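Each in structure tokens, the structures are laid out below.
Heads up, the next two complexes both have chain A, just with different partners, chain B and then chain C.
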Partner chain A sequence: MGLRIIIAYLIMGGAILFAVITAVGLIRFPDVYTRIHASAVVLTISAVLLSIGVAIYVWQFYLSIKILLVGLIFLITNPLATHAIARASYRRKIAIPQVKSIDEYSGYLSRDQE
Partner chain B sequence: MSKLKHISIVIILASLGLVMLLDLNKIPNQFEYANSIYHHITNNAVGETGSLNFVTAILYDYRAYDSMGESTIIFGAVSGIVLLLSRKTLPVSSHGLSFIVKRTYGMLTPFIFLFSVYIIAHGHLSPGGGFQGGVILGAISIIFSIVYGSEFDYKRYTPTTKTLLETSGALLFIGIGLIGIIYSGSFLSNLNILNSEPGSLLSAGSIPFINLGIGFKIGAGLAIIFYSMIQKTFKEEASL
Partner chain C sequence: MRRKIATFTIILIVWIILTGKITMDILIVGIIVSLITTFLYSDLLFRKSNRKKSWIYHLKQLFYIILFIPVFFYEAFIAALKVSRHVFEKEPSFTPGIIKVKTKLTNVTALTILANLITLTPGTLTLDFDMRERAFFIHWIDVTTLQQAEARKETIERFENWLEVIFQ
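Take a look at the complex of A and B:
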């Protein structure tokens, strides 16, 4: 078991750590928007770290390139999906919290419409 | 009346069961491996069809007539859904999602198209084929409808274009089958044109062309189904 395998396992362990953080956040956070914020962690950081770890574990040129491409697709598309879901649910006024201290997005959207 | 119906149902079921029971002893014994059909396929499929993917070899060579029936089922489903959900006016949405989503999918869509063409073209070498790659082709049209608004998809790829693509895919399939009659005497027999060694891209005779036809047919058919469904539900209203 060489140093490369140990590094790969460490990176994959980091991915599992972020997934656990996401699960805790999904249970503990109060409403839709903070839960979307928590689930974005597993969508981006955990998936990308896992693909990097698997690419190091496999360590063949073409296979590793393909796995890193999958990670790149995750890195591009998943924040996009989170953004689209959060924006759509805000514009449709789904579960807007009653008690809030700051709401900068409504000002941004009204400026966008004028 | 209903009693007669019940009696006739029982009679039909009993006669069906009798027929199936009589045919039960015609099922080949699974221990006779050396004479069985899967023994033949696992030993001779690469030599006979040139396709490394045995599933593709069975679907598009040994049982290509069956696959033609399956793609005709898709055609029937598309026709039925379009007939049920057709409307004269087209309420379309032209807003789409936000700027970030539009730009990113503008960059990603060529790669999605490339991936679907890769899956269709390597159908006889790797997992995948016409059906799977065609679904990804149809997903491009669905992405256009959701991200850019259905007006964009309607202007760029009109229903006439999609119908043309679907029909040309089906015609390519049937045309290859008819050429097979002229070439070697049976419908959908494997044409031995473009036959390099098994494992290269232009091998396996007519299987890549059938894959291409099925890919276009499935992709355009799914796009037509999705478009005729969102005609019903989308209205011109505020963007998301």
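Take a look at the complex of A and C:
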């Protein structure tokens, strides 16, 4: 139980904390888009912290690099999926935002149809 | 040709990381697989650039990218704390909305990376890009201002300046 293990556990604990926050936010937030914002927390912060923590915990060169590569692939693929879900659910009118203060996107879409 | 060499090197490095050790037979198989992949798909990883740049320019680019990584994670962490604050409020008191933010970048790669960075940051989400007016449509969880300049400053300017330096 060295100092390295303790640091790894601390980093992984922070990741778990953010994951719990995400789960609570997914239940509490009102509509699709705000829930996507809640899930972005787990996608960026939690995944990266967890992969760094596991890489420190394992502490072998090739294994650690491999785990960091997995974290990098998370970072590359997540915004694509998030953006695709949000855009499709707006354009196909699956879920129009319920809670909104301003909506400049609908004007852009109707301009295209003219 | 330079594109092919760069693609081949990256694929071979990933292969060596994934296998986990360097011996002669692993290297031979890796080189064969990387060569096949490079000749089939080398135009997917890097775009063809029409200007020749010196090696010093690319080294400087790499240096700025490495500097940018901790800055991005700091910004993302602060934004995550802001979103987490809304989770624990008794009545979630946010004002979500979709705003239109003009950008000054012109490079296609820089625009793509900027859109991905906006989506990765908790609290902002790219919905679409208007080619005619060069503007992002951003769903923002906390619309504090409707002024174009201030909204731009709050959402994208912190990444835009970095990307302008990297891809100028």
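As a convention for this text, the second predicted complex is superposed on the first by the 101 of 114 C-alpha atoms of A that agree within 3 Å, B and C clash if a C-alpha of one lies under 4 Å from a C-alpha of the other, contacts with A are read in each partner's own complex, and residues count from 1 in each chain.
One rule holds for everything that comes next: a residue touches a chain if its C-beta (ideal position, glycine included) is under 8 Å from a C-beta of that chain, and two chains touch if they have at least 3 such contacts.
Every value quoted in this text rests on a predicted model; they were computed, and no experiment measured them.
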| item | value |
| --- | --- |
| Which superposed partner A:His83 touches (first chain B, second chain C, both, neither) | both |
| First (chain B), second (chain C), both or neither touched by A:Tyr57 | neither |
| Chain touching more of chain A, residue-wise (chain B, chain C) | C |
| Contacts of A:Arg92 with chain B and chain C, given as first, second, both or neither | first |
| Partner chain in contact with A:Lys66 - chain B first, chain C second, else both or neither | second |
| Touched partner set for A:Tyr9, first chain B, second chain C, both or neither | neither |
| Interface residues of chain A shared between complexes with chain B and chain C | 76, 80, 83, 87 |
| Chain B - residues contacting chain A, complex | 97-98, 100-101, 104-105, 108, 238-240 |
| Residues of chain A touching chain B in the complex | 76-77, 80, 83-84, 87-88, 91-92 |
| Chain A to chain C touching residues, read off their complex | 18, 21, 24-25, 28-30, 33-34, 36-38, 40-41, 43-45, 48, 62-63, 65-66, 69, 75-76, 78-80, 82-83, 86-87, 90, 97, 99-105, 108 |
| Interface residues, chain C side, partner chain A - complex | 14, 17-18, 20-21, 73, 76-77, 80, 83-84, 86-88, 92, 94-100, 115-117, 119-123, 125-128, 130, 137, 139, 141, 143, 146 |
